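Given below, in the form of structure tokens, are the structures.
Both complexes below contain subunit A, partnered by subunit B and then by subunit C.
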Partner chain A sequence: MIKKLAVLLLLYPLSSLAADLTDVNEIINRANNAAFYTANDGRAVTRMTIVDSQGRKQLRQFTILRRDIEDGGDQNYLVYFTRPSDIKKTMFLVHKLPGKEDDRWLYLPGLDLVKRIASGDNRTSFVGSHFFYEDISGRDLDADTHTLTQTDETFYVVKNIPKNPASVEFSQYTVWIDKNSMIPIKTEYKDEKGEVYRRVETLKTEIIGGFNTATKMKASNLRNNSYTINEMRFIQYNLGVPENIFIERSLRTPPIKWLKRR
Partner chain B sequence: MTSHPRLKNAPTALQRLLSYVLLGSLFLATSSSLHAETEDSWDDEWGESESEGNFSINHRVETGFGSFIHNNNYVEEDNSLAEIRYRFDMANYWGETLGSLKADITADDVAGEMTVSLREAIIALPLAEKVDVRVGRQILTWGTGDLLFLNDLFPKDWVAFFSGRPMEYLKAPSDAVKISIFNTSANIDIVWTPIFNADEYLNGERFSFYNPLNGNLYGAPPKLSGLEPDEKFNNGELAIRLYQNINSQEWAIYGYRGFNKQPTAYNPSIMRPTFTKLQVLGASLRSPLAGGLFNTEFAWHYSLDDKEGLNPFTPNSQLRVLLAYEKEVISRLTASAQFYVENTLDYDALLSHSFNAEREAEEYRTLTTFRLSYRALQDKLMLSLFGYYSPSDKDHYWLPKVNYRLSDKVSFEFGGNFFGGDERYTFFGQLEDNSNIYARMRYDF
Partner chain C sequence: MKEKIVNISLERPKLIIAISLILAILLGAMIPQIKIDTDPENMLPPDEPARLFHTQTKEKFGLHDMIVVGVVNENSANGIYNIKTLGNIHALSKEIKNIEGVIQEDLMSLTEADNILQDGPGTIRFEWLMNTAPTTLEHVEKIKSAVNRLPMLNNTMVSGDGKAAGIYIPIVEKHESYRIASEVKAIIDTLDSDDEFHITGLPIAEDTFGVEMFMQMAISAPLAGLFIFALMWYFFRSVTLITAPMIMSMIVVIATMGLLIGMGYTVHIMSSMIPIFLMPIAVVDSVHLLSEFADNYRPGKDPKQVTREVMQHLFTPMLFTSITSALGFASLALTPIPPVQVFGLYVAFGILLAFVLTVTFIPAYIALLSPKQLQNLGKVDHDQESNGLLARFLRRLGEKSLAAPKLIVSLTVIVLAISIFGITRIQVNDNPVQWFAKSHPIQVADKTLNKHFAGTYNAFIVLSKKEGDSKERFLANFDRVISEARSNQLDLEELSKVAHTSIKEQPSLDEALEGIINQLDERSFDATDEQLPYIDQLLELSEEQASEEKYFQSPEALAYIEQLQTALLESGYVGKSNSIADIVKTVYRELRGGDQEHFVLPDSNEAVAQTLLSYLGSHRPNDLYHMVTPDYRDASIWLQLKSGDNIDMAYVTEFVDAYVATHPLPKDVALEWAGLTYINVIWQDAMVKGMIGSLISAFIAVFVVMIILFRSVSFGLIAMIPLTVTITSIYGVIGFIGKNYDMPVAILSSLTLGLSVDFAIHFLERSRAIFKQTGSIKETLLHMYEDPARAISRNAIVIAIGFTPLLFAPLSPYQTVGAFLATIMAVSCLVTLMVLPAVISLTSNFLFKPEQNKLGEEK
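Presenting the complex of A and B:
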């Protein structure tokens, strides 16, 4: 705890003093790395609380293992569902290949079936939540044109316009990136009429293992007031996760050694 | 299409469906308080045991009801499905060693019996850094087809599939040893099933089928019972798969030595259907293509008891080829199509020795399948339509399905199994009278 405080005290004033970034590409690259490429690998237990417009709740809990092959580049994910019981032991494997279609597999334990998922729309619900697949694994930086619209004391505000508007449901989105941590704190999506209809927020960040980490997020559908809260706990970085666990073997036989919290 | 003017059972079926839904709602109402309670408890505990891998147990109750839509004169029952099933599922890890047990207790009103069946009972552990072993009763699947099996010779439960039980019951368990060896050049799976595990095939009790011996449809009693191979070492089943993923392309080579999974042969001296020796060699490739997924698979089914196709009582060898493509065509709507050919080898020999040559399957039996699936309402509602259509046999089988997930604990499914064809002796045509609709409700706790 004391160590963490020391890190905070040391880093905070320094970064505040640092000159503002002006290159939008550098800003979004740093933000992308801070949000999706922390350390070389990591593990977290994630719980999603999905609340519909009538206040009814559903929950998803999974352990997520990540290993970066290259910062800002290729990356592997293993997602092991533990709750609710009807999807327990379902495993999801992703080989993220920015610039190409990701490779994804879903393992259905009841059938012992390794189902390859056709890489489709990345902007549809991830496991029934309000988070999109893209919110979890990151959006291709080259898919949008980015403009730095504002720099204030706390945030870099970046406006993003899709290069291929037909491929997405928004006409533009704006990201508020925290100048210290470079973590995106708020993202608002606008429709063709310019109305904000969707918001993704970082509700809580913590310093874990020396890394700024978003530990509580919320994705809201503003049209019907439904939302999902995503909380992460038991986060650990640089575990030394080996590359050879991101294969079909782990779908059928969960690599319990690496999934187990320590 | 053969005419089926009688829809005698239809009103009854609807009434029953309705009462089923009412019953379900009552059940839900009584369980909703319990439901709320358990939901709250989620907030406090992050299920340390779940991901720590220590002991876990889950329970499920599932009820299913289904009714024939035609008047089937060959089976006694009006219902294709009427059951309540309790499932429990226990697992424990000792280090990296997993012990898992799944069992079903089923009250089955169609069969008029109460059964306890083990679905899974395994010990799984790593033998070495790159070797896993899994021993015991287990579900096994491989191959790339969607509801088409070329190289997957693991047992299937067709009765469960046709009657609208949950899809996972299509796969029947094997009592087997599976050894997996992982390598950068090729991964190897070896599955040894010491005692032959047949499919859960149609026996005439719930569903009727075509009897080629007399050219009529067949229904129990008596139930059809194939004579299984003797329980000796040489009669075990051996299945092998070599596979690897290279730059997003998954290839595999398969081998199998055992028996036909269904009693498709007939032993005239004892007047019983039997299972003939079978050897299968095959391969598959699955790869992304133009924003979707392409897969192809082939298998050579070598009928070891009738290598030249001279015996009319045993099935001939076959070559089976599959081509398939799947794509998310619009957001949340996935479409797929498969094209499949079954080439019966030594076809001239088959015809010249057949008792009823004109009713034999075509030399090239072609089959196409289509699937449309759509997710809506935050993935709570799943609509899907799967269809088989055979251009060579002119028969079909449609499986529409609606699944609604009311909560994390309760879900419903409604669907149907609609068979039909020009003739009563083709693969799906013979099943026409078995067409049914079903409803199911699941409760997890």
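Presenting the complex of A and C:
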């Protein structure tokens, strides 16, 4: 009985009966954690389908291995490509450092080359898809000023205005955060004319290992009706990934044990 | 028949006039629906293979029509590389992105370009080249060195000499270019700048063209009407007499244009000339009719009876001149150029309508004239005319011509021979941008930008890898693995079925393989330990095939492209070319540390794929897909040409043909061309070939009509002399003076044919009639230099002058047509009046004696 009560109490804040959050910073912090910092570590196989404005498709598949150093703070990624075969074993290593420029490395097996990648901003395409690098790893919360514009039955709607407009291609964006899971369900970007030209959506969420997890996401260019769909499968959390595999050496000799999906 | 028509017109004049006016009003009501067509692509029928391929290529590689803004700074030593100019480019580009109808993500400007550079040892950096306006000289210097390092930008975004920068604005709808350009201009006006700005690009040219076409129709055509009116007044001094032809020609023009527009045809540069063609042609027959009427009418006579008499001997020649003129124009329908076809057919229609109105509307008009008006008409002073300047000139011309017929004929033969030599020197060439006047901003922009840049004219070489036998080979290898498994008692038949169905159902092997790989991948999860090695083998096989399918990712394919580009550049015909090979080499160089020695193609499919993957991680990954399709089965090489002349484009295609002959294309690879500069060559070619056919058939048709008219082959032959001499000598002159044989020049031949045979018809008809009266060749010919010659010269002058307002039109094709038509009228009139009498007097025994009786019977 007490156990049951405890469970109920635990679930209580997640239920829709909970009092609405009103502090925008708390909302975006929790959404950030729900979207990018689930558990302590995790692994997923992502199948990425890039569809251009003429409906022509390209497919890429990669395994993402993640380990958080601090919730909402530093974290490490390994992205290991498996398909198509000509980019097999290509790998990204990312040391995400919110508030600073991330450390990123790229390994190209065909050139037997490890390269550090620097970028003026994080709004470069992620391997030619409609997802930006930043959509995959999370945008620095301090880069924008956030306003809670609306709270309805299902969503917190947060408007975000960049602090440095020159560094980004949008003038503002709005996020719809699911009140239950705190997962951002929809993000719409507006251009200078105030038109929505880009959208990132969570098409499907599942509870995996007790965690609400986005398993299907879509990024669309609304100007030419092209989009990319990411489907995440074989998701596992709290694998106990050691910190010492997120190093440059892993690029040439991938930690297969941790990357293998079963 | 002809009596009937004339009688009805004379008896029910109001009905006839009402019908004519209603016709004009009904058809004229269509005119407001006018749609102007300025798209040069429409020179080819929509289903023409070269055009289909061009359209397909544009879609496949996401190529849009572009407005080009050129920023030129000739004064500063560093050209555009200074804080102020770059700041303006920055401000302008950012504003342009907000203009409605601009495809933002494909905008090409320094502000939108991505820079790839070395950022310390082992680090490459992707960053916007000029996301913020530079405020320091260091920043300016950095931009300059980046542009010089990036082959995709150098000489495209900034000219090689650094004096000019380009902003390429892709737009959604071509017909919006005028509005967009005006908005760009408005932004430019707000800039504080000492630089020159030029706005050009094909859509602008087209849109401007439309405006100038309207100007031509709104100014030149009414001006032609005015000229003709003034000229006729000079000749006849009677407003009553010339009002009817003027109204009639208006009806013809309105009805023809109304019908054309009502039938759903767009008004192209050719059809916009219809009014100016129809007006003088429509006027001449009725002038003929009215002046004869005035000659014969004396107060007291019954005007209807006089009309019947005049009609009696003018009906047939007028019918035949109308038919031959209509035939000449209608023969343009045989060219494969739709706008030229529409032009020819509708002018032909207008000429026939003009004939119908001449024999109905004009008699009806006469029937309605009051006795007083008729009296005034009769008073027209004919004596003055017969002693006028023209009359005296013609008489002298007659004396001279008849004095030395042999000399004239030999001179004609010599002129013909020289002209034929001239014709062999004709250079076929056209360039729609050159249709604008030299001082037109578009021509100025064209000249300035091509002086600095590698070229603003585009053509595309498209290389496509065909499927070949790869499907069969793949399935054979696939089934081999399956049967190996079978020999080890493992049943994997289902997988073979998967492969076969997938390949059958999917449109391409590439897509089929994706499905096969997915299924194999899924299958590998629940495979037994025995099955797994085979499934892995199948997976590997499929993935290898999938990689092989991406042909334009292979070093072999890229090397071919690279070598072709090098050869093109060395040939000097091409200013610059851009391809996927350039992207691969640039990124590879930066990955390898940035030294120029690494500006080479990597050596394996994987290395190329991974180099490109790095590029795709930039801000503008989609730029790649203007060079190669996402499946890597088609690649395009974008050629920048300094000249849009067809002849220069033809050199390039010939060069590539020769190159391919000595450097065979890789197996199953096809090479094709696209791009507007190339399309121009195609229709030009079709036009030249089509014009020869149209000219020959029109010549034969007119010849046949002449034989029917004169009931004599020899008269038919003689009637063809003036037009033959005229056409040959005009084209001979074009060959000698080096004027390009372009679209307007091409259509001239048919026009000449249709118009100059008129003079011969009138001349021969009249000489036969006079001969019938006099029985003497000498007398006949002398008489011919009186009023018959005056009538002919008057017609020639009316038409020639009627076309001269084209000389004031803003576009060069109009000017060409105006100038040459005036010349043609003069030449064919002179040839008729000099060569025909000479030939007749030399062959009179043969021509007139045996025919005399027959001719007498006929009349």
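Keep this in mind: the second predicted complex is superposed on the first by the 248 of 262 C-alpha atoms of A that agree within 3 Å, B and C clash if a C-alpha of one lies under 4 Å from a C-alpha of the other, contacts with A are read in each partner's own complex, and residues count from 1 in each chain.
Here, contacts are C-beta pairs under 8 Å (C-beta built on N, C-alpha and C of every residue); 3 or more make two chains touch, one makes a residue touch a chain.
Since we're looking at a predicted model, the values are computed, not measured.
**Q** Would you mind checking whether subunit B and subunit C clash or fit side by side on subunit A after the superposition?
**A** clash
**Q** Given the touch rule stated above, what does A:Ser85 touch, subunit B (first), subunit C (second), both, or neither?
**A** The answer is both, since A:Ser85 touches subunit B and subunit C.
**Q** Considering only the touch criterion stated at the top, classify A:Glu101 as touching first (subunit B), second (subunit C), both, or neither.
**A** first
**Q** For A:Ala118, select first, second, both or neither according to whether it touches subunit B, subunit C, the two together, or no partner.
**A** After superposition on chain A, A:Ala118 lies in contact with both partners, subunit B and subunit C.
**Q** Mind working out whether A:Asn224 is in touch with subunit B, subunit C, both or neither, as first, second, both or neither?
**A** second
**Q** I'd like to know which partner A:Val45 touches here: subunit B for first, subunit C for second, both or neither.
**A** After superposition on chain A, A:Val45 lies in contact with subunit B alone.
**Q** Mind working out whether A:Lys193 is in touch with subunit B, subunit C, both or neither, as first, second, both or neither?
**A** In the superposition, A:Lys193 contacts subunit C only.
**Q** With the two structures laid over each other on chain A, which partner does A:Thr253 touch: subunit B (first), subunit C (second), both, or neither?
**A** Touch status of A:Thr253: first partner only.
**Q** Going by the contact rule set out at the top, does A:Gln58 touch subunit B (first), subunit C (second), both, or neither?
**A** Touch partners of A:Gln58: subunit B and subunit C.
**Q** Where does subunit C run into subunit B after the fit on chain A, at 62-70, 440-448 or 656-664?
**A** For subunit C, the clashing option is 656-664.
**Q** Return the residues of subunit A at which the contacts from subunit B and from subunit C coincide.
**A** 50, 52, 56-59, 83-86, 88, 108, 110-111, 113-114, 116, 118-121, 123-125, 127-128
**Q** Across the complex, what residues on subunit A touch subunit B?
**A** Against subunit B, subunit A makes touches at 45, 47, 50, 52, 56-59, 61, 63, 80, 82-86, 88, 95, 97, 101, 103, 108, 110-114, 116, 118-121, 123-125, 127-130, 169, 226, 233-234, 244, 247-249, 253, 256-257, 259-261.
**Q** Enumerate the contact residues on subunit B facing subunit A in the complex.
**A** Per the stated touch rule, the residues are 39, 42, 46-48, 50-53, 56, 58, 60, 89, 93, 96, 98, 124, 126, 132, 134, 138-141, 166-168, 170-171, 180, 182, 187, 243, 245, 248, 250, 286, 288, 291-293, 326-328, 331-332, 334, 375, 378-380, 405, 407-409, 411, 442, 444.
**Q** Residue numbers of subunit C touching subunit A in their complex, please.
**A** Touch list, subunit C to subunit A: 59-60, 62, 97-98, 103-105, 119-120, 122-128, 131-132, 511, 514, 517, 525, 540, 543-544, 546-547, 550, 553, 588, 591-592, 602, 604-611, 613-614, 616-619, 621-622, 624-625, 629-631.
**Q** Which subunit A residues qualify as touching subunit C in the complex?
**A** 50, 52-54, 56-59, 83-88, 90, 106, 108-111, 113-121, 123-128, 133, 166-167, 191-193, 197, 221, 223-224, 262
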